[in-house]
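Across the two complexes that follow, chain A remains constant while its partner is chain B and subsequently chain C.
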Partner chain A sequence: MALTVPEKGWFQTKIAKDEKAWIIIALIVCLSLFVLMAGWHVVGKQNASSIVYDTSPDEFYKLSQANWRKYKIGEEEGIPVVKPPAGSDVFILATTWRWEPILVLKKGAEYRFHISSMDLVHGFSLQPLNMNFVIHPQYDYVLTFKPTSSGDFRIICNEFCGFGHHTMIGKITVEE
Partner chain B sequence: MVEDKTSFLERLLDRPIALLIMSNAIFAVSYFIWGVMKVWTTSPIPEALKETILGGK
Partner chain C sequence: MFMKCDLTGFNVDKRVIPLIKANAVAATVSLLLAVTAALLVLLTRWQVIHLLPVDWYYRILTFHGLVALVVWVVFWEMAGLYFSSTVVLNARQIAPWLGWLSFVLMVAGTGICAFTILTGRADVLFTSYAPLKANPLHYLGIILFAVGALIVCGLFFANLIVAKKEKTYGDGPLPLFTFGLLTAAILAVGTLLPGAVIFVPTFLWSLGLIETMNSTVYRIVFWGFGHASQQLNVAAMISVWYLVAFLAVGGTSINEKVSRGAFFLYLIGINLASAHHLLTDPVPSPSWKVFNTGYFMYLAVLASMIHAFAVPSAIESAQRRRGFTKGLFDWLKNAPWGNPAFSSTFLALVGFGFIGGITGVVNGMEQTNMIVHNTLAITGHFKGTVVIGTTLTFMGVTYYLLPLIFRKKISFFSLAKIQPWVTWIGIAMLSIGFSIIGYLGVPRRHWDITFSGGPFTYTFPEIADLFWVVSVLGGTIAFIGVLIWVFVVVSTVFFGKPVKSKADMDTQMPIVSQPPALEHHKGFVAPGTFVLTLIFIATFIIYATLNWGWLSALWEVR
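Presenting the complex of A and B:
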């Protein structure tokens, strides 16, 4: 047997000084990592804080349509191009296999992104910045978003969602 | 009859299979409870926000 029970009385034997020191060092390292994990959320800006609301695909679709209608400036291959004003709520919809709408944002302005899925679990991955969020259906993920550089950015899906997964590419244009 | 004075912790640590099962079970149960709590405490989209989106200019 690979795992054998130690000899009787092992529990009462005295621990050597160096072993005790290593146990304490290992414990300190573990506790430090634990504290860092929580601390990094605030200091390191590694994980974005998000608000999550309960919703349904029907409700989210209705809200998205209303939101896009208000700020629509055009259409590209059947996908609406939306230019929301600074400080507004922006609805982003993930469907197999596309991201809607195409967004035109202003550099330095703050937006509240509402992201949800109509069907499966999708992965919102903003490239080339590599910001990633898992998007489940039935939930509205609210993220505060402030573009700091201008140009074209892509949203790709990084949760495998079927045959057209690799074609699921969205676009965000940030203007000066 | 000889009384077994082995402590509970020692007896537990002497059972590797029990430790293996516990290490998985504690993780699975606590994660499951965390998930259930998260689902229960998620609130719906505020009505005020819905009104702004659906009716607001």
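Presenting the complex of A and C:
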């Protein structure tokens, strides 16, 4: 009873059949979800990475510049366009309020993305796929992507980073 | 010091009544401010109106987040803690002056935060993720508010100890309502401590006394406060569900051991579930994430599912014993739907389970979180928990608080009767609309999803436009629902007719007597509830399957 002391013997009362059945069903569902999450790491193809390096904005900026210089094929809106070879490292830099560089990738190839922030926490949101990751300063988040669809994609920022937050949009093109 | 309540027979400490009233009034004012801010934010997000300029959008959003998620619910819970540790136990209030001190601290903290936010000194949103920095005063305001709330938790524990010692409520364990709120108070302490652990250094950092703040450490510890505070809302809300089931239909948990056990599971599982905020962060490791959101969060999920059976089955069992035994749902059809506290509770229960619960569990799985993280779907989820669940519940039980504590008959009772439905329909539309828009990729906390001024443009799928209309319509309806509630509450408190006798109470908000005891029973006690929970689990499985199917179609990532 919600407002009074429970009756004597409340602890010994048997659990009703339907309530017991429900608890068992609920428990099985919970355990299955746990197994699903752990199991997806074995059989699934979409798992957030466990590889992350300590870095600093300075160091990450230098690494990015060196990488972009190697694979740069042009410039658009003042942002370098970079076409890294399949299987290579890709550097993406989040700065208030831009994503650099513009990437040209190949469908079906694997790329090791290194993503870090120069300043605040940013949100890496790949559209129209809707894959989302949180990007921190001081951390080099290594995500190995394999594009399985081609076309024009956008990276938008989905973590508040100041009044220019809505202008923070980048581009990835995936070629067949 | 004591007076005997002629409506309930409780021995009431006169000094606690103004404390309950003050906190309830502060809560009501906060809710009104919070929903007004919410409407401004919503009308800005809908690009068709795009009401506020960019700076004011983020300011009002910061204000809305803090006032709705923390100030409104915590003030209300403070009133609940006083009520449950004194009135229902016939116990006295320890050190009421300390209660007033904490009230002053909390009001001052709120005032300081409102000042810093609205004067542009804290454009950091509710989460204030470092290295975003606000004026030191802002963090000080939050700390003052938290200290105030912590003191009230201490008073609550002290009240319980003294009541036990003085045997004011008989021999045996605490009543279930108070037991549930005890869980909430323990969770509150577990919430406020991480709050202190993160806001004190952040305060010192904003003063320049600490050089750097690590952004991942901030996020981990912040969510120990930010999410756990919502878990305490869940515990408080469910305590109120049991209370209303008892008051409105005389329903009692069909097995107290089960209900209490479920509250206990909250204690050991629920705080660690905060880990689900970090599922797409670079650190900690995936195994840490799976362990915390899997093993620990599911203890809490299991507990919620147990309550999801225990509360409606308490109602069903009482109704069946009263003679509504026909079919599966005769008991539900003949429930006291004219009692706004009851309808609020039942609607909150359904909304919380089907909208907030299902989205919460699936969004909180390590891999599927990738699809929704920081999108509007997250906002949709917590409208389905904090608003349709906690807020609607607290609004509903206020209809009992008015005659019992304020001793006033509810004015405009017919408006009060429709208010839960209006609010529920509005929030359900808003919540579902936001969820769908989020799955289409629209970010939360974003002033302009046409990306004006950016180097590129992007247009979200057109179907999103339709669901913006659904959301804005829903948000407006919900806003009207809250306005009705505030109108009824204010006119009752100031102009309501006094409650003179039990008959005055019975015409509006009766406290129903216990139905005859359950005879020896072999089959199911609550078959209707069992069917409802099976429908729930089927909905859950469909939703989870859709999400995992979606996930498997994404780019491969490891």
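Here is the rule we go by: the second predicted complex is superposed on the first by the 157 of 176 C-alpha atoms of A that agree within 3 Å, B and C clash if a C-alpha of one lies under 4 Å from a C-alpha of the other, contacts with A are read in each partner's own complex, and residues count from 1 in each chain.
We adopt the following convention: a residue touches a chain if its C-beta (ideal position, glycine included) is under 8 Å from a C-beta of that chain, and two chains touch if they have at least 3 such contacts.
Treat the numbers as computed from the prediction; the structure is a model and nothing was measured.
J.: Is this a clash or a fit when chain B and chain C both end up on chain A?
T.: On the shared chain A, the partners clash.
J.: Go through the superposed model and pick first if A:D89 touches only chain B, second if only chain C, both, or neither.
T.: The first partner, chain B, only.
J.: Would you check which partner chain A:D54 touches, where first means chain B only, second means chain C only, and both and neither mean what they say?
T.: A:D54: touches chain B, not chain C.
J.: Of the partners chain B and chain C, which touch A:K62 in the superposed model: first, second, both, neither?
T.: first
J.: Have a look at where A:C30 lands relative to chain B and chain C in the superposition and call it first, second, both or neither.
T.: So A:C30 only meets chain C here.
J.: Once chain A of both complexes is superposed, is A:K17 in touch with chain B (first), chain C (second), both, or neither?
T.: The second partner, chain C, only.
J.: Looking at chain A, which partner touches more of its residues: chain C or chain B?
T.: C
J.: Applying the document's definition of touch, where does A:G164 land relative to chain B and chain C: first, second, both, or neither?
T.: second
J.: Does the superposition put A:L103 against chain B (first), chain C (second), both, or neither?
T.: Once the two structures are laid over each other on A, A:L103 reaches no partner at all.
J.: Considering only the touch criterion stated at the top, classify A:I172 as touching first (chain B), second (chain C), both, or neither.
T.: neither
J.: Go through chain A and flag every residue that touches chain B in one model and chain C in the other.
T.: In the superposed arrangement, which is not itself an observed complex, chain A uses residues 3, 5-6, 11, 52, 139-140 for both chain B and chain C.
J.: Once bound in the complex, which stretches of chain A touch chain B?
T.: Where chain A meets chain B, its residues are 3, 5-6, 11, 52-55, 59, 62-63, 66-67, 70, 89, 91, 139-140.
J.: Please name which positions on chain A make contact with chain C in the complex.
T.: Per the touch definition, chain A meets chain C at residues 1-6, 8, 10-11, 13-19, 21-23, 25-27, 29-31, 33-34, 36-38, 40-41, 44-50, 52, 76-79, 98, 119-121, 123, 125-141, 143-149, 154, 156-171.
J.: Considering the complex alone, what residue numbers of chain C touch chain A?
T.: 54-55, 58, 88, 123, 125, 129, 131-132, 169-177, 214-216, 219, 242-243, 245-247, 252-258, 278-283, 285-287, 289-290, 293-295, 298, 301-302, 305-306, 309-310, 313, 361, 365-367, 370-375, 439-441, 443-449, 451-458, 460-461, 521, 523-527, 529-530, 533-534, 537, 540, 544, 548, 551-552, 554-558
J.: Quick one: which bits of chain B touch chain A in the complex? Just the residue numbers, please.
T.: My answer: residues 6-7, 9-10, 13-17, 42-46, 49-50, 52-54, 57.
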